[in-house]
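Handing you a structure now.
By written order: A, B, C and D. Residues from 1 in each chain.
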């Protein structure tokens, strides 16, 4: 008989939902429901702005999975963003309605990221960061040579023209909302699962995780693939809302800057961080957009300042030990008190 | 544990381990056996390479040559994680808790890596491991908030939660006071009684004195003594390896 | 004259309390051997004096100047040099380059390349070899030489004999005696008691972060030191009485 | 014969790439992180030279005298006030901070100068060439740049190998703890490494601006090429870096020969191939110099 099959002396129950997380969960459901019906109440331009916001939010969620939980700083996730945009274009040119092309494009990026991970995982730390960037550049240069997809000049997505701009905007909005929800839910489910616990252990101490039996490379690969898949969601949403693609902008390293900014400001390695970061980023962008490059200067400066003086970001500072998590990721154990006193 | 008349079954065996780091010889043909159900202590002067040896046994360090056998299976080429899942737990000399995970989550992680069981059973197993290591009151505390003794207990709980047959202990008694060492000894003995074997590297001699069935002394890449705690600690070669040449023993007294 | 003084120093390594309320004073020209088992706090003590570790409480004085918060490289310039455990040579630099780096502080004194080569003649032949290619004994000699190049007033030595053959240890200690004869104050952390006690004129035993025994090698008995090393009387207990 | 020409032009270009790389690998050796704003500093230097020539006139050649010390000073200050702090803040911090710095520099240049292509024009020297055979011409400027770049790398190699500051740099790269225990001021060594890195990359930036052109965002490519040269050549050896630069340069020009749009891509592919088959680089050594 092994140690762990002996009868327990302690009666304990494990609860995963705290009052905060249950409240947050229901508020989340309520917000989602409101957002679903929002097009009936608010104007077209607001809807388009929300779609724009969704694409940034998705990027932040995707980058956080990789860097925040997996400890891998990539500056090449725009590879999946660009490939996903172009996959939608390709499918639409071959008769698939763009909205239906979205899930296919996202899945394609997820699969593509598996072989790429074998190459990228040969590098660590700083080298991984630039290595992923080079891979993104290769994707850019290859895509720019495919004449049927518009080459270096880019192309327009025309198959949604047969719908009214209003309808197209609303459907794209819903697609974006679906991707946001799917991303958040998949990250939450991942983090609640065995893989998620292993991922958080790697985040805290890779060596100790390995000694506890965690297959570190496999778990990191899962994080990488999920991150790629989510970033692809942002790429899909960008082409659906902009209705055009151009290699230099679809594969722009600037998206990495945005991702890093949002996650750093919100709080790396927290579930809530990317959401807060995306809101801050979007607000900054709205506020400063008229000032041209100034907004990027401020963005960079804030990123530097946050790294140096607020390294845990907003949420990490509010909740340094991840105790008040808004999502039910944690395990709360209640020990029967009369038995506990025997210890 | 008595070495009765039957040949004891070896749970773990390291054969002819050779390891050099640069010009330093850690092991030059070392053999170590851990019989099932026993506690084997490993001592040796500072810098003898005991922690490196534990690394070779747990899979985090590659030896130049030699074979590591666990439960009659050659595990030499397997990595740390694989060996952990097979049932070799280890603790770290300087505790390495997961700062943001609770004690329960530490144990749960190990349970989940070791085998696939239902959610409720995995929770029970995690609680058991925590209970066995005397951490139940801190079950919801995150690793980053624990004191040293509790960190050491957490190291043990994390290893025990793997449901291991063998646990490699690296100086768990170091830095603890007498009473705390006493508590630790009790934990180890009760785990041994429940079927876990230990290979224990330790400088706190009294901990090994109270627990070990057998002690080996590693020095200069070789096992210079092997036997019961009393035999090994009185062994002239051991005393020399700790205190220099025996000349000191005669002149200073 | 007191050269080094620790006043009620407490130090922690992470969550581990490594030294507790420790006081110590060392006079110029003294040779102090610090004994104790692993984890007793010997290396912590050296880190505190070399400046790599800052105490959570208490003060460190050198020549009656408070150096508690001085960085290690500044202490070298003040005349405190540490030969770290495990030698830590610059692996890709040659023996001579290792020594020259040690001499970068340009403190005044009698040590030079030639003087070091004279002290340890066997490393002179290897002066063009890289640090990573040396044997353990040669590395240790270079590490001591590198520290001497800064012309220290106080030389700290951490486990000089570790992993070395007795004959090499003897050679190294011959050199260290010569260093001491030049008037350099030595603080030796060592487990080879024969050599350490042969050179020391003061002994200090640490157990669990506290000083448990002090005296001169002549006045302390073997059993006193053994008890101080392993903890009070524990070693005498026979196994099996669990 | 076109292939010979491509290879020779690639070698000339590669010497320049190697000059971009040495600072990157020097900083990595001492501080174990890759400065993601490395390329942007080369562009910043080019703009500084451009402004100087606009205001003071003359040939851009004289601006070396002003820009090199300026870049070294910027490196010193950058290290003291930003990077040292980032190094103390955690493993990922230097990476994130230098990426933020990269965005700031690129955007500030964009704000100040617009997105136009600029160049440092050297007059006839820019287009004169030596004729070797009927199909092989060597641009005078290209040759001069190559020779100077290789001379600078050799000089830096000598500096690291033979001088006391060079030794202290290598000692710190080898074992920072032992260096501090030998009385070496780690902050000063780090500042020296960054000052040298920025000075060399500034020289590279000026040369590149004389050979071709620059924009506010061209630093990204400079960084990637520098990084690729370091990885291809193998970390830790300046000669390896030079070899890596030459291989990258040749890959790019030969690639362009196959298809004019494929030059950069060919360089990336060589890099990825090295990564896949020989991730430690072609000449790899554990130490600096």
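The definition used in the following text is that contacts are C-beta pairs under 8 Å (C-beta built on N, C-alpha and C of every residue); 3 or more make two chains touch, one makes a residue touch a chain.
Note that the structure is predicted; figures quoted are calculated from it, not measured.
From chain B, what is the lowest number of touch steps before chain D is reached?
When the steps are counted carefully, the minimum from chain B to chain D is 2.
Of the chain pairs A-B and C-D, which one is connected by the greater count of C-beta contacts?
So, comparing the two chain pairs, more contacts are at A-B.
Nearest whole angstrom, what separates the Cα centre of chain A from the Cα centre of chain C?
Computed value for the inter-centroid distance: 53 Å.
Using Cα averages as centroids, what's the distance between chain A and chain B in whole Å?
Taking the mean C-alpha position of each chain, the two centres sit 41 Å apart.
Taking each chain's centre as its mean C-alpha position, how far apart are chain C and chain D in Å?
44
Need the CA-centroid distance for the pair chain B / chain C, whole Å please.
Centres of chain B and chain C (C-alpha means) sit 30 Å apart.
Quick one: label the inter-chain contact graph as line, ring, star, complete or other.
ring
Name the touching chain pairs, please: which are they?
All chain pairs meeting the touch criterion are A-B, A-D, B-C, C-D.
If you look only at chain D, which of its residues touch chain C in the complex?
So the residues of chain D touching chain C come out as 164, 167-168, 170-171, 174-175, 177-186, 285-289.
Within their complex, state which residues of chain A touch chain B.
Within the complex, chain A contacts chain B at residues 1-4, 6, 8-10, 12, 14, 194, 197-198, 200-201, 203-205, 207-216, 321-323, 330-333, 335, 340, 343.
Which residues of chain D touch chain A once you look at their complex with the stated criterion?
Contact set of chain D toward chain A: 28, 32-34, 36, 82, 85-86, 89-93, 95-97, 99-104, 106-108, 110-111, 220, 223-224, 227-228, 231, 261-262, 264-265, 268-269, 271-272, 275-276, 279.
Quick one: in the complex, what on chain B touches chain A?
Touching chain A from chain B are residues 58, 60, 79-82, 84-85, 89-90, 92, 96-102, 104-106, 108-114, 123-125, 127-129, 131-132, 134, 136-137, 139-140, 142-145, 158, 160-163, 191, 194-196.
Inside the complex, what are the residues of chain B that reach chain C?
Touch residues, chain B against chain C: 22-25, 45-48, 94-95, 146-148, 151, 171, 174-175, 177, 185, 189, 203-206, 209-212, 220, 228-230, 233, 242-245, 247-249, 252-253.
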